[in-house]
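Note that the chains take the letters A, B, C and D in the order they are written out, and that residue 1 is the start of every chain.
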Amino acid sequence: MSDIIFEVRIKGPDPKRELIMKNPVMTASGTFGFGREYSRLYDLNRLGAITVKGITIEPRRGNPPPRLIETPSGILNSIGLQNPGLEGFIGDELPYLRRLSTPVIVNISGNTIEEYAFLASELDRVEGVSALEVNVSCPNVKEGCMAFGIKKDSLFSVVSAVRKSTTLPVIVKLSPNVRDIAEMAETAENAGADAVSLVNTFLGMAIDIDRKKPLLANTFGGLSGPAIKPIALRMVWEVYERVDIPVIGMGGIMNWKDAVEFILAGAASVAVGTANFVNPTAPLEIIDGIENYMIREGINDIRELIGLGHRLPA
Amino acid sequence: MIIDDNARVITNKMIIPAHYVMEIHSPDIALKALPGQFLHIKVTNNTSPLLRRPISIHMRDREKGSISILYRVVGTGTQLLSHYKPGDRINIIGPLGNCFPLAAEFKRIAVVGGGIGTAPLLFLALEAVNSGRDVLYIEGARCRDALLLSEHLGNSGCRVMVATDDGSLGYRGFPTELLKSRLERESFDAVYACGPKPMLKGIKKLSLEYRTPAFISLEERMGCGIGACLSCVCKVIADGGRGAEYRKVCTDGPVFPAEAVMFDE
Amino acid sequence: MSDIIFEVRIKGPDPKRELIMKNPVMTASGTFGFGREYSRLYDLNRLGAITVKGITIEPRRGNPPPRLIETPSGILNSIGLQNPGLEGFIGDELPYLRRLSTPVIVNISGNTIEEYAFLASELDRVEGVSALEVNVSCPNVKEGCMAFGIKKDSLFSVVSAVRKSTTLPVIVKLSPNVRDIAEMAETAENAGADAVSLVNTFLGMAIDIDRKKPLLANTFGGLSGPAIKPIALRMVWEVYERVDIPVIGMGGIMNWKDAVEFILAGAASVAVGTANFVNPTAPLEIIDGIENYMIREGINDIRELIGLGHRLPA
Amino acid sequence: MIIDDNARVITNKMIIPAHYVMEIHSPDIALKALPGQFLHIKVTNNTSPLLRRPISIHMRDREKGSISILYRVVGTGTQLLSHYKPGDRINIIGPLGNCFPLAAEFKRIAVVGGGIGTAPLLFLALEAVNSGRDVLYIEGARCRDALLLSEHLGNSGCRVMVATDDGSLGYRGFPTELLKSRLERESFDAVYACGPKPMLKGIKKLSLEYRTPAFISLEERMGCGIGACLSCVCKVIADGGRGAEYRKVCTDGPVFPAEAVMFDE
């Protein structure tokens, strides 16, 4: 390790409960299971943070297969929030995660505002949870979730309810399926979010021309991967200009160069999603790559890099 | 541990049209691999096709430190795979998945491969023979020229039978029909199968009918290949037959007890 | 030619001025110049229709270069509506196009509602113009255009104004940079549109990590190509369910299979855009491919295929 | 007509590290090609990289019906190009763009290539020599080992001079400086150049200073390559020097009179 200041912090209402990441690279929810899977490939303690698969109060079975379709430079998924539920998570998954030095961010979803608030208050005092990510942007479930994230008033209500239920740092995960994502980010900020993360997947589909029906059993799915990177990057750029809270950038980050683009656009931290499937050690390579880039560019503190793209003269 | 290896291609040869065997130098994977497991293979450095391709381990040679795959070119990914040359580096992750359970009490077994589904079964059959089991190997194919393995198995110690759709060699008809006719005559402790879905359905039926445990290897589209993304699920019977749940083909499988698998119509 | 009914019609208010395409394949505005360029490669009379580059009243110089960036399975462009203006178009480009048997659709853009109305009324009686495509979705110009297409009230006003100014069939080109594109399509329909075309490009960007600034001189650009296909297809699917006017589908169509997906999703006609750059004869291969598919599937009339994906049991 | 050809690769050889010459069998393009024109080349069948790559015509052999390109591997596209083998098919569109104007009155000419910019100039120089012109060919490169053409030109009838940044061969310094020293000693009817932007700026300056027409070949990112998409524009002087407008490098160029080109700072 060099002298580079690589630490990223997300402050919540309680100064003692700040989310402290040793580097700006985390994993994106739903692409990294509950961490354990990838621990068979490398030491998870190297990561800045781990965001786990989206959790609901009750276990969910998810959507029928096929749940995944490859598209040009992207994938469509319709997992449908299959998860072991709050208790299953706390009982079966968290004990392992707790042993890591890497902070754990729990991604939560609900069908109602009350469900979000309940999850937040239940997780508030659970040891080993460092922050909550409020998923109001999953396009793969019939009720709730994305429905909350694409309208200002419901977004405000959900975030306010979560805010009142926990003193953990609250990250709001924004949907890109909106006209003006910066406005949504602003709404989340006004409702008490400590950070916003973006983007979740774009609603998409594919059709089987032989069967003449949608390829995904669920008709629609969420598009992720390098295909969406240009749009995700633009959204991070726009949001950075409108809010004062940290922005966590994601969407198609495959390597350290992509990550640096997001940081220059304004991301205080980046999340690696689909890339984990293609190259499981991508997060580590991205950590090293950003650091080497900073050394090469003579930038000592990651904070100088964040949003630098906006500040340089044309 | 799962091994992430930038491995060297030893050979990559077409055996019959559109079907290739690639031998890859990867000592750590060769050491650990079990029959039924697979590799997750990166076929390109570009972003399209984006995902890795899951391909079963067809053979391994511990001394040489190599593993082989047998694959059929069906789309872009397998096409790209067929372009690798000896000496090229190929990124593979493995060995992944569970394996065909060769329980001690399974002394007489039948192995049934249909089409490219025969790929993971050679490894299994040879391990079974080497551990002193009696192995009947049934390979099904469209026609004589589409058979993949029979020769290799010739002097392996397996009993080999062949079913072709057109009767150009061996039994005329499906390998399940051939298995059924054997089940009428002899009994097996376990059946192992891999092949197209209708064949696996047939195996499940026979397994129930003849009260013989059967283990089938499934395919589903995969993302991570290591159990993290929940893309690759299949439906299995849960709650003692009353319910259903989704299990991951990549880590709970690819091998499942036939009776547990729910084939949707 | 087989007995297949391949003709597609878009009816306008004047029965004598119907847009009649001999096949369902047209070119997408801005990717095919004024046709002449591609006439050096093949006979343009084979196309169902030609949509020309977006026209404004006055000539426009466009944005400074670089105007094009390649992204994973896509491109970002920021041409900025460089065009010879209405007079230049009528004087220099239309005479050539008029000689073709293929109908010509003129894509129009304005900074104000009055400009749209003016363009529509001027083009109304110009010989050789078969329909107008109202571009309310170009993301590459500072004023007007996309600003009109992403809000319902302004969209309604622009379309109504155009509707009043012409009896030509009016196609409204929708922006995908909205939350609910079906709602926008409905708005266009209510305002008098005879068809909607979608999608225009997605607003995106790329950053040069060496210069630490946006790669496009214009900061943002429009994303097109196969990367966006899953989203575009989903939007066509949704719009088809909400409007009764024909839908013209586009966004990442590279080959006949992609085109068939769009038709199954509900497109009465498809437009080929970025694919022209990659494979200039793509439109012809798509025409042949759709026809062969119909023969193989025993479908005699293209109208049976349109939206078929919605009608088959699951 | 523009020719869209699924052409056969004849050879594809590395000449110095990262630099290749590919010869392609394409009789129709060979017949029509003019010096300064380019091909738009499809480098892959996948969607990434999506766009074609513009590469100048380096040589042509009408009898053989072939054209050659000289290219430097700088990214994914040119990397893929370097993997083509003799016998492979490659889709090319061409010949595209305008050409270096060899007006009848241009009897004594200077041709200046910097780095890979020398690629389109061999074709030009040979045509000029064959039509009885006096040609001074200046090639600039980083160092002796990076020189691309000098040998080919050896017995072509051109006068050849070399400038290397490090002085390892010929003049030590930029090719523009070498040209300037020639312009002090002899006069040319026209100068033709291709190379990095700073070099082309230098050529423009010399053209104005020595009142010698100069024609420079520009590069810009291209979409269609045939004038339809307006991606590839460069800024040129318009309205008799009072205004500026954007012209398409693919069809209005790639060759422009140096004096017309506006180089932004």
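Observations
The rule is short, and it goes like this: a contact is a pair of C-beta atoms (placed from the backbone, for glycine too) under 8 Å apart; a residue touches a chain by one contact, two chains touch by 3 or more.
Quantities reported herein were computed from a predicted structural model and do not represent experimental measurements.
The interface with the greater count of contacting C-beta pairs, when A-B is set against A-D, is A-B. Checking C-D, A-D or B-C against A-B, more than half of the residue-numbered contact pairs recur only at C-D. Mean C-alpha positions place subunit C and subunit D at a centre distance of 36 Å.
One simple way to say how far apart two chains are is to compare their mean CA positions; for subunit A and subunit D this gives 48 Å. Subunit D has its Cα centroid 54 Å from the Cα centroid of subunit B.
Residue positions of subunit B touching 2 or more other chains: 47-49. For subunit A, the set of residues touching two or more other chains reads 72-74, 225-227. In terms of which chains touch, the assembly is arranged so that all chains touch all other chains. Interface residues of subunit A, counted against subunit C in their complex, comprise 71-74, 76, 150, 177-179, 202-207, 209, 211-214, 220-221, 223, 225-231, 233-234, 237, 252, 257, 260-261, 264-265, 293, 308-309, 312, 314.
On the side of subunit A, the complex with subunit D involves touching residues 72-73, 226.
Listed in rising order, the residues of subunit B touching subunit A in the complex are 1-2, 4, 42, 47-52, 93, 220-235, 245-246, 251, 264. Across the complex, subunit D is touched by residues 30-33, 37-38, 40-41, 53, 61-62, 64-70, 72-75, 77, 79, 82, 225-227, 254, 274, 276-281 of subunit C. Those residues of subunit D that touch subunit A in the shared complex are 47-48.
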